[in-house]
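Next, two complexes with chain A in common: one pairs it with chain B, the other with chain C.
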Partner chain A sequence: MIGTLRTISAIVAVLIIVMLALSGTGGGFVSGFTDMLLGPFISALAFGNFLETAAKLTLAGLAASMAFSAGCFNLGGEGQVLAGGLAATAVAIYLPELPRGLALTLIVAVGFCAGGIIGTMSGILRAKWRVDELISTFLISAVIANLGYALLVGPLRDLDSYLIAAPPLPSAYQLLPWWPPSRLSAVLVWAVLLTMATHIFLQFTIWGYRWRLRKANIEFASYVGINTASIAIVSLAASGALYGLVGAAALMDSGRAVQGFTNNLGWDGLAIGLVAGNRPRWIPIFAIVYTWIILGAQTATVKSGFSFALSGLVQAIIFFLVTARRLEGKNIA
Partner chain B sequence: MVELSAVLKGANFTWKSSGIEVARNLWLNLDGGQIHALMGENGVGKTTLGHIITGVLQPDSGILQIGKKHYNLNKHRDGLFREFGLVRQHCIWPPNFRIREAAFLGSKPHGLRAQNKKFSQTAERWGFGDINPEERVGRMDAASLQRAQMVVALMMEAKFIVLDEPSSAWEEGHEAEFFGLLELLRAEGRAILLITHRIDDVFRIADVITVLREGRIVGTWNIEEISKKGLISAMFEGDKFTGPGLSIDTKRVIGGKTQPGNNQTRISRESIKPVLEARNLGHSRQLKAISFKVFPGEILAITGLRREGLSCLEDVLTGNIESASGELLIDSEPCRGSLELRRRGLRYVPSDKLERGSSLDSTLAENIMALESAKLSKCGWLNPALLNKHAETRKPGWGALGKVNRKLGEFSGGNIQRAILAREIGTGAKVYVLVDPVWGLDDLSRKKVYTQIKKIRDRGAAILLLATNLDEALEIANRIGVIHDGQLLEIRDAVDWNKNELQRTIAGLGV
Partner chain C sequence: MLETVASVAIPFILAGLGGLLSEQTGVLNISLEGCIASGAFFTALLITLGVPAPLAVCGALASGALLGLLLSGIHMGLKANLFIAGMGVNILVPSLSGLISNGVLGHKGTIRITGDYNLSPFTWLMIPLTLLLTFIIHRSNFGISFRAAGVAPRFLSERGISPNRVKTSALSISSAMASLAGAFLAMRIEAYVPGMSSGRGWIALVLVWLGFRHPLGILFSAYFFSLIIIISNITLGNLPFTILKSLPYIAALTAFIIANARQHSATKY
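So, the complex of A and B:
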């Protein structure tokens, strides 16, 4: 109950600070507030895109939460999303002629595996040599970011484009939009199903129970004979794999791997996962609120004609509030 | 000179998170030059009262009068920490702090040298010279931390000192030191609140006794006004307590053969294979080539001071630290690491009940099922209703335990210990390592636990008891060994030891 109140107060605090920031941009507080609240609903296009973004952020939040739920911390989301997207791109470029069903299955599986492999690396470092996963996930992600750029300007680059981008995906690799002209697609269903699956896994299976015990008290978990090292590997692998899946989804959404196509999804996912804490089933709700704030604020900033890194501001506030809460409760994952 | 006194009037306390009322209309008088014992079963609110009077907890209502000062405890408690020194049962100092850093938390900044000097001078003066102020909190055991907290209370010159279950800090062999210290403090005119469940200690040292039951005061008596029997009935009120010496030994299975007997029986072990065997276990200077065998149907107690090797032995035996030499065998097969030990069926009640022994953020049911989760699942699926039912079946036999879906952190220390026992002793294993199994339990519960332990021994289990309490070792063990300076001194049948001899051996005065 107290945790929920704190979460709500964190969200309200974010809203107020964003509103104050917007009112300072010349649009005025009331009009800024209205634009922000109504932004996602002004048209079918805006609403469809809102749902699509919320679905992707739900997946990213679930990815972060997979690590939290076992008491691990994955700061490498950005790199894992990029790896998933670029691996999927490579498959699409080198196997352009596959039938649609196979192509979509393959691209999703490859994204999933690419992120999973990177997450596994941190898990093994943690399990075998006790390397702090906070450091290893972040550093590996930093390497992947540079490697990804090198691939985009090198072997994957579309030479016919003035952009730093890979060639567009063949049509067999693109998800069909459900509600054109918005980008709403099957990612929404993935988000719903994976949220349910995560909840069931954590609450109703023996493995989820062991993950939760590891998070609650790692010394106790070891003491009762739970292999905490292997849980670290599996949870970081699962977290990375979901981030990789987000990468594949982001790729299909943008139609091609263009520089910056991951659009901060790793950090956004981390912020949502942090707010959700022990309650992954709430992630879709937090993702919707988060998307609302970000997209609404974007609408408001466009209208006021002043642009700034609003997403970064929102993340900063959430990280600050949630981290303070966790430190207070000595509940650092 | 104004007489030192503190009067607590009408304190009520309800946990806001659960709405459970744990203290109702509490009154307490603390006078200078007196040792006031606060007694009661586990979970009746003794620690809560200690925390209310020292200002740690904010009660719903209550007035504290110290001399001419009045504190409305619901509104302001500032300044109480200057009056009261609290020695907690469970130290809350940050584990990565050094003792001297933790000792000066909340006080005016001192230079490094000044901190060390002040701490060391106080420690030396009161006989705690062995505490190293540079040691990290996390590297010290609970007993040493209680002694360090005592130094801080003395350093701050607290007029009122509240000691919450301090007996674990003054283990066998150091009791005289503890009682001597209390007498000195009393002679100095300080007021001492001694929260304890040890009846003998109270009759040895206390001037006044207050008994709590279900969050209410049963009564306050001068020590000469109440007998042990009267105190017990005040604490347990109507429960069928049969008094010390309760024993259920009738028949025991030793090496597969049923024999009549009790602890006083000598057991022939020549033809029996040991279940648990340590061969030359060593670890730095703390453990020197320890060897012993534990046979089915017996309790081998190893007793001594924690810092003389008992703690290290526990960690090595249960795989928490790797031994530098030697090996551990279960059923004559070598066994390494905590995971393998558990797989081989070891049941283990640790000395650290709160970090290692339980998960306070998990529910009672989740704690109790931890060793049997695989058995309780169907193809990996867990049914929460079944798990709660399983926990309910484990509760009987261990005294009152609360709702199984409550978080364990909301339970009292004694109930946490009961949960650990319900998990570890509830399953039919054949090898047990039990460290202070009656920690935090009242006399009646203690007897029940001994009964259970003897029952599992009688079913043929091999039990290694690492005990800091000599009475416990003498009461339930078949054989007793003493650890001193990292070495396991002679192991003898329990009948061949007496308490004096054990105390001398533990203190290093020879076997």
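So, the complex of A and C:
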């Protein structure tokens, strides 16, 4: 199966790197590895948080995958997640008295639209002037990251807090925790439903077919009359919108927009989306494995007193290997 | 004022010329940003460990060259997507430097270095360096091989030169030049600060296009860009710092749009 060997290679390489990193920690390899494997299951709190994180990463992976499925790349996830979260924050701050149902619908819709608008910008640049979306999504995201920080230290800042943060969300805007004290919430349902919706859209609709054809052979797709430019716009808009939704979920998860609340979700989503490649239906599985490795390794490194950001290493290995055509053993001229 | 502009432009020129070398061989070095960070980190780390500054800069150059080799191995050896692999390098460097810093120095934050480094001789050295590179690219066999690797690799193969080897050399030199830019930055502010490359690698890539893919064009674009940064710092001083930090990315995006609009006035796909 095309891509399987790449995926396996990436996962094996990631595990080797994680094992090497863990063996360098104070507690020793066996203890570190055991802590990593059992980390998400040591308590109901850890397991609930593990599921919630995996659900958010599933959404982020689906966001990246929406662009890949049409042959586009969206490297602007970080900015789109932040935009979604901050737009949702602004709504909560300026309309604090809304009834719960309306408040939740609005916050999700605003996050969705904010990310979608940013994705659309890169889509239009691609369609209109063929500006490579790899570069435009990243550069726009970098601008959003700086502007977002300016908003957090400026108009949105909670002056009563010592943190660089917006005020806490009013209770009407917060998702009810399903399994207190863990953060597990309805985001899990969103992740399941959107995975199914994405799969049905890409595999069983004429629009999904056109997206896949654009990815498989853009010149042929154009030749047979498919409007490849508009597909680029729509796929990047959908990708941005899903990242914006992740931003709203991250906001509701943390209860307020605090500096760093997006927590690298854009890059994590990209890594998961890349591993899944042409198979968005596998994204929840890869998201669970990814979350397991990252959260488990975090537990292990924190316990050994040698904490470090493992996610960057894991993402880099995935970025290096998942697009490697040589790993398929194909004859490449 | 002129000297300030020339000084601000140095990292852009070094990284931009590095970007041009790789672009000429048909493998655009997306990892310039990570290489700048790597150069700054290893310079600061080695100086902190007592290594003399010139040797520390050599260490930084070596780190860049190794990153170039890594990118080349992944792109040409494993046939991975160049952009994604380049982003992998950009993400790997901060993570790896945090890990090394934690292991060696016991912390992941700022590394301060003390030393009265006189960098002023380098300010105007960029002009002869650019002229030298112009000569190398356009007049030497070495430069012709570089350009041929990009436009006519079969021509090189027929002459017994491996295009992949030329591309690997280009990526290594390109990354080493970007890491030199990072070394210069660290020595100028006498510290390594995580995230200090601040988009300079991306701007360097933009300068390759703004400078019409010519070393002298890159030199003038870098000076022009630095002048804009300095003027905007003075005139827009009341704006929050974070908004000022967005300006290079906005400029970079604008340049990409203009460059693409010029090349592709008629949209096909």
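Please note the rule applied: the second predicted complex is superposed on the first by the 320 of 333 C-alpha atoms of A that agree within 3 Å, B and C clash if a C-alpha of one lies under 4 Å from a C-alpha of the other, contacts with A are read in each partner's own complex, and residues count from 1 in each chain.
One rule holds for everything that comes next: contacts are C-beta pairs under 8 Å (C-beta built on N, C-alpha and C of every residue); 3 or more make two chains touch, one makes a residue touch a chain.
For clarity, every value in this text was computed on a predicted model and none was experimentally measured.
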| item | value |
| --- | --- |
| Room on chain A for both chain B and chain C (clash or fit) | clash |
| Which of chain B and chain C A:Ile135 touches, first, second, both or neither | second |
| Partner chain(s) touched by A:Thr105 [first = chain B, second = chain C, both, neither] | neither |
| Touching partner for A:Phe319 - first (chain B), second (chain C), both, neither | second |
| Touched partner set for A:Phe204, first chain B, second chain C, both or neither | first |
| First (chain B), second (chain C), both or neither touched by A:Glu219 | both |
| First (chain B), second (chain C), both or neither touched by A:Ser171 | neither |
| Chain C versus chain B, contacts on chain A by residue | C |
| Segment of chain C intruding into chain B (one of 8-16, 26-34, 152-160 or 206-214) | 152-160 |
| Chain B and chain C contact sites that coincide on chain A, given as residue numbers | 219, 222 |
| For the chain A and chain C complex, residues of the former touching the latter | 21, 24, 73, 75, 125, 127-132, 134-136, 138-140, 142-143, 146-147, 149-150, 153-154, 218-219, 222, 228-229, 232, 267, 274, 306-313, 315-327, 332 |
| Residue numbers on chain C that touch chain A, as the complex places them | 74, 77-81, 83-85, 87-89, 91-92, 94-96, 98-99, 102-103, 108, 199, 202, 205, 240, 242-243, 245-246, 249-250, 252-253, 256-257, 260-261, 263-264, 267-269 |
| Complex interface listing, chain A residues touching chain B | 2, 203-210, 212-213, 216-217, 219-227, 331 |
| Touch list for chain B against partner chain A, complex | 17, 318, 320, 338-339, 341-343, 348, 350, 355-362, 366, 370-371, 373-374, 377, 380-384 |
